[in-house]
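Worksheet: one structure, shown below.
Labels run A, B, C and D following the written order; every chain starts at residue 1.
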Amino acid sequence: MTEFTLYTFLAASLGLIAIGIGGVILSRNLFRIVLALSIAEAGGNLLLVLIGFRHDAIAPIIEPGRALTTMVDSIPQAMVLTSIVIGAGVQALALALAIRARASYGTLDMGIMRARMEADINRVAGAESAASLHAPASSSTLLTERKA
Amino acid sequence: MTSLDLLLILSGLTTLAGFAFGNHRAYPWLAGIVLTAQIVILASMPLPMAAGFGFEMFGHPVGWQMDGFGRFFALITLGAALASVAYTGGEWGERYAAGGKNLRWLHGALAGNVLAMLLLLASGDLIAFFIGWELTSWAGFLLMAQGGERALRAAMRYVPYAMAGAMAVLGGLVLSLTWTGTLDLSQLVMLVPGLANWKLALLLALFGTGFAIKMGLLPVHLWQTPAYAEAPGAATAFLGAISSRMGLFGFGLLLVKLITLTRLADLSFIDGLFSARDLIEWVAALTIVLPTFTALKQNDARYLLAWHGIGQSGYMLLGLVIGDATGSAGGLLHVFNHATYQAALVLSVFAVMHRTGTADLNSMGGLVTRMPLTFLVMLLGIIGLAGLPPMNGFVSKWLIYRSLMIEGRPLLFLMTVLGTLGTILSVYKLIHNTFLGQLRAEHEQIREAPWSMLVPMLALVALAFVTGVAPGLALNYVNEAQAALGLPVMAHTLGGVESPRGSLDMLWIVGVLFAGFGIGALLFYGAGGRSKRIHQLDNYAGGHFLSADVRYQYSDHFYAGLMHRIGPLYRGSFTQMEAALASANDLLASLMQAWYRQAVPALTLLIATVLGLAWMIWR
Amino acid sequence: MNHSVLALVPALPLLASFLLPLVPGAARRLVGPLTLLAVAFIGLNLWPLVQTEPMVLAVGDFAPPLGITFYADSVSALFVIAVALVTLVLWPWSGSDAGNLDRKQSLTLILAGACGGLAVSGDLFNVYVFYELAAVASFGLAAGARTAAAQIATFRYVVIGSLCSLLALLGITLIYVQTGTVNLAHLAQLAPLKLHNPLGLAAFFMILLGLGVKAELFLVNTWAPDVYATAEARVSGLLAGLVSKLALLAVVRLLVLIFPLPEARDALLLLGMLGILSGEFAAFRARDVKRMLAWSSIAQLGAAFVAFAIPGPAGLAAGLAVALHHLLVKPALFLLADRWGGSLAQITGAARNSPVSAGLFVLFILSMLGVPPLPGFWAKYLLLSGLAAQPEGLWWLAGAIILLTTVVEAVYLFRVIGALYGRDHTVTPKTQSATAVIGSGVFAAVLLAVAFSAPLLALPLNRMAVQMADSAAYIARVLPPVLPGVAP
Amino acid sequence: MLTRYSALIFAAGLAFMLFVLFSGLPLGAPGMVVGQAVLDRAPAEVGAANIVTAVVLGYRGIDTMGELAILFAAATAIGLVLGRSRGSRHCPPAIQPGGFILRAGNDMLFPLLLVVGLYIILHGHLTPGGGFQGGVVLAAAFVLPVLARPTDMPSHAAMAWIEGLAGAAFILTGMAALAYDRAFLAPLLGTGEMGALVSAGTLPILYLAVGLKVGAELASLLLSLTEEGGD
């Protein structure tokens, strides 16, 4: 693999990360957010594999009868395995949450869901929403002694 | 076990007992006996007296030690507590409990305050001091919060002030530790005056803010009036008598002992034109004048007295900061004097409230015929508060005036005189609207206050009178306090001061005063003693014909003419300042909440990451 | 004692959680508590051993830095004990649905195992794995309230969490490229040569953000109020009290061992200050107790970050004091907020029916405000004196911010006290549950015990800080003098 | 609008920052400090021909334990979120069964997938592959029939047993080392002959546990999602 390909891979992995993060920010749909996350994680994993690569080396598997040559770094490969598994678990969990939330709220739009969540929290707490306070929050403490 | 240990243990036990069975009939007796015993122990304690306990924290010993300065305040504390506890002993306590309130909390909090103050007054190092300080603040909060919903709100308003004060003190504590490496007061006394000017100024600002808040100095005084006025009667008396004096205690330590007055005068602001000492003197002077005139406008007797409590503390600080023998003696003596008559006044107001159910100065009057003894207490009390002979308030104020004149502070002297003028005006309003004039129809059936309430009140004014005639009794302890602070000690006699810079002999003055009364009486009766007794309802008629069923009481718009002149000067600036702070706080709070309500937190995260990385890479 | 007990700290709870669904009958309810007691026992036995000489385990007998090492000094031992006991107090004893109760118990055990792993791990990537494990378990627990709001809050938590994990992974990648190792001791050895440069700092910053999610670090803490408001009180207590501390500990290990640089400290200090400011002020405007506690917890952890930013043992002692104090106070407050989590109107007059709980609430609040002689005061004292001992500038600004925000904190916390003891209530307030009273009572007992024995505890605290600050000893203890097969 | 542009600009900025950071590094020729030492010593210490396996199960075995726990935690959390009681057999109502081709293909593929999965697992220490990869194939083998016959779900209880026992087997194998006074997860039973199926000590056992655990975990995870989708 030439230097050029290597840098292409680097650019690709960084691009994936950027695209993934941008996707998380720009999507309103829960499912797309999960997809974007997995893209970003793929970029991270690619990067991790990339740093263990050596120009002059083979895969780290010893074949009996073949002379020992240089091999690529095996530790990033082990780490990337772990990282992939972690990503899979988290994304599955996120999907499950999205499914349940859709069942409850009937939408996958993050903006709507957030507003509903906020309203739910306030309803349970018996509190007015912070946006609709008709007086400053501190009016109950500091200013009561002002003579009316 | 040293006698200081005994003193503190007794206080601790009283606190526990108060919380456990403060609602029992016998508790006030028990507490009274214990408090009396404590006064005896304290008064007979050889000084300085170290406590037998203490511990070491992060390499700094924490211990307690009582000196003359602390004892002076501690004696007043115990005395005020004794008067308050006695006051609750009878009908007042029964009515309080019947109103659905909890006597156990009241007594526990009261005793807890005493314990906290004793710990504070006996502190031997700054950590012990801070422990006492915080305990005093929050025990005070507990006491203030006892009087129902309005009191709770007033106590809530106290919270930010108290915490700001405590944090300022903590900041000062930490800085003194950083700069001197010690927290022990006896070592700090040697090390602090050697610090650079800016360090001293910072220490002064931090500690000073804390103490000023506790004392209710301008401009951080707003919490005090409602918090003290709305507390239950006995608590109001105690708080008004001594609680805020803890700030003065702190100032005594800070200004006189740690920073020293000479170093204080070195801290100049505008090319030596104006020193920190001048600043404090002027703050004290303004604290005398402004709250006194605010008191003049109050229509609630409790608030009126609470405002005077703030105003009078200005005299004490002023006397202390002038720092000569006479002035500091005056300032310290004023602490004691103020405690005696202020407690008596508050208790008398609450006695009236106990009978009439109101403290509104516009809905009383003429009660002198129904509650003559209470009237007597209030009369003597306001004479003391106004600083007139023969009560003790005169002595301390005289000492302060004298010192201001000798030390060459004519403007400050003018301010104190102005303050006294306001005091006289407003206390006259107090006694007139309560006791003089025509009795209201709804108060016809009022009886004198019960003896359980009268006895402490009378005892307090008696004390104020006796120490007015023979100030030497109190000046003994004042001298001790002066010596402990390292101030020049004022030589005194039983009747007052005997010095080339000016003498005062109260025995003579009172003698002359009473002789004058005697001569007047002789002249009056010698001339035939003609007098005409008229009905109470006639005394405002002023030539008009009013039938007996029309009540006519000049209480509303009292001093209408004066208010027409000076009314526009009341601006409510401090209240507005407080409101502005609260609004700014709210604005900031909304801004901060916006952070947690952002729709796309990932975006801010991304931006912050990029900026952070840029910082780390191209720093 | 065989050093492998260190491995049991994470392994035992994980084993128990794997087997828990398979245990038949009533014994199933005993698995978790017994496991946690066993871990606590290990921790208690560890404590005296590691006082002078930290314990090192090369997992799998692979010589460091080849394999993963576990490292236990007194701080680790203390946190192992804390993890086991706090989890035990906040254990999900009962639930309406048996199957879901199993799952919650499994997840809680996994959380305990992950936290134990974070306390003893001495390998950067292993820290990441345990951190992720804790993250997944806490996601599950947070969503365990099974309301729609909880699920959305958790989803947002997952998104932030995974993004930051990605950042942390990038940081670890950078460090690995630069040094070729992930062993903390080995990294500490190589750091002055290879990591004390912009690249290393960038890696630290990314890892800081990654691990900061759980530690409620400002920038990545937007999830906290919603999750704490919707999750079960027990879970909020675990997350705010326990998990945050272990994440913090991981960050501090990195800071002490690998990045003892002024820039890294500045980052911590700055983010900590912002955390304090934003948390305290946001809590000031909170309309319900749960979110108020969440914001105040953000602020307290900000204070812990500020404390740990102070160089030297003084900073570590202050940070440990602040963190441990918060560990004692916050879970108990969240336990009480289970019934009293709503608006102030809902809890007005609650002290009448539940005087003990109200008293406990006040006790915790006073300690949190730093009222002496409660432990919170000593923590604040250490923090402030540590800050004041630094040269002026940002450090003093941090001190000033702490002092000022305490005033704000006092206002909103006393508002709760005022409501609890208020009289004019419109709704009948809920009485406290027995579990909440007992649980918070345990914390209160420990708090008071600490308050009374504070002078005795100052010395061990200092020793712990000194031991933790000694990175040379860490390296010497873990790595053999000559590394096998590794060029220096 | 502002969000969109700033997101794009800063995402590009992040990519640029990372490029700046990584481009200065020795890509393609890493320093390999620990990596080289592992390559040198793994054959003697562990005896696995696949060095990655030696790292995954030997040098970084604890990480793998953590991974298993993460999968388990995720599956448990999903169970909690989706709200099935463990062991209950919930049948999604009214799903069309698969067509003939799907069913016949499934019947043919199922044994094949099983064999391939187990092969990959058991040869994990020799060839590329291993417990994770094989486990995924196994999971696929068990999920595929669900596509074909949605009404005929595999038993959750059986899954739970495999999940639990496989995970426990991993940890208990690790603990077995304690009995020999070795450290946790130390490889036992000798290294064996390099390249033989029975070699590398306990590694194949560990990998079998990993494979079963991963297979069961992924399968139950997918099944939970499938069931929910049917509602």
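The rule is short, and it goes like this: contacts are C-beta pairs under 8 Å (C-beta built on N, C-alpha and C of every residue); 3 or more make two chains touch, one makes a residue touch a chain.
Being a predicted model, the structure only gives us computed values, none of them experimental.
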- Query: Of the chains shown, whose Cα mean is nearest the mean of all protein Cα atoms?
  - Reply: C
- Does C-D or A-D have more contacting C-beta pairs? C-D
- In terms of CA centroids, furthest away from subunit A sits chain B
- Note on the structure: Per the C-alpha means, the centres of subunit C and subunit D lie apart by a whole-Å value of 30
- Item | Separation of mean Cα positions, subunit D and subunit A [Å, integer] | 20
- Query: Between subunit B and subunit C, what is the separation of their C-alpha centroids in Å?
  - Reply: 45
- Query: Can you give the whole-Å distance between the Cα centres of subunit A and subunit B?
  - Reply: 61
- Message: Please output the residue numbers of subunit A that touch at least 2 other chains, ranges allowed.
- Response: 17, 21, 24-25, 47, 51, 75-76, 79, 82, 86, 89-90, 93, 97, 100, 114, 130, 137-138, 141-142
- Can you list the subunit D residues in contact with two or more other chains? 3, 7, 11, 14, 17-18, 21-22, 25, 27, 30, 32, 34-36, 38, 59-60, 63, 66-67, 70, 73-74, 77-78, 81, 83
- Message: Using the touch definition from the top, which residues of subunit C touch two or more other chains?
- Response: 125, 129, 132, 136, 139-140, 143, 151, 156, 159, 163, 170, 177, 182, 199, 202, 284-285, 411, 415
- Message: Based on which chains touch which, is the overall arrangement a line, ring, star, complete graph, or other?
- Response: complete
- Which residues of subunit D touch subunit B in the complex? 3, 6-7, 10-11, 13-14, 17, 20-21
- Query: Contact residues on subunit A for subunit B in the complex?
  - Reply: 21, 24-25, 110-111, 114, 118, 130, 136-139, 141-146
- Message: Residue numbers of subunit C touching subunit D in their complex, please.
- Response: 2-4, 6-8, 10-11, 14-15, 17-22, 57-62, 65-68, 97-100, 102-104, 106-107, 110, 113-114, 117, 121, 125-126, 129-130, 132-133, 136-137, 139-141, 143-144, 146, 151, 170, 174, 177-183, 186, 190, 199, 202, 483-487
- Item | subunit D residues within the subunit A interface of the complex | 3-4, 7-8, 11-12, 14-15, 18-19, 22-23, 25, 27-30, 32, 34-36, 38-39, 42-43, 49-52, 54-56, 59-60, 63-64, 66-67, 70-71, 73-75, 77-78, 81-83, 126-128, 132, 194-195, 214, 218, 221, 224-225, 228-229, 231
- Message: Show me the residue ranges of subunit C that touch subunit A in the complex, using the header's touch definition.
- Response: 125, 129, 132, 135-136, 139-140, 143, 147-149, 151-156, 158-159, 161-163, 165-166, 169-170, 172-173, 176-177, 182, 226, 229-230, 284-285, 287-291, 341-343, 345-346, 411, 415, 427
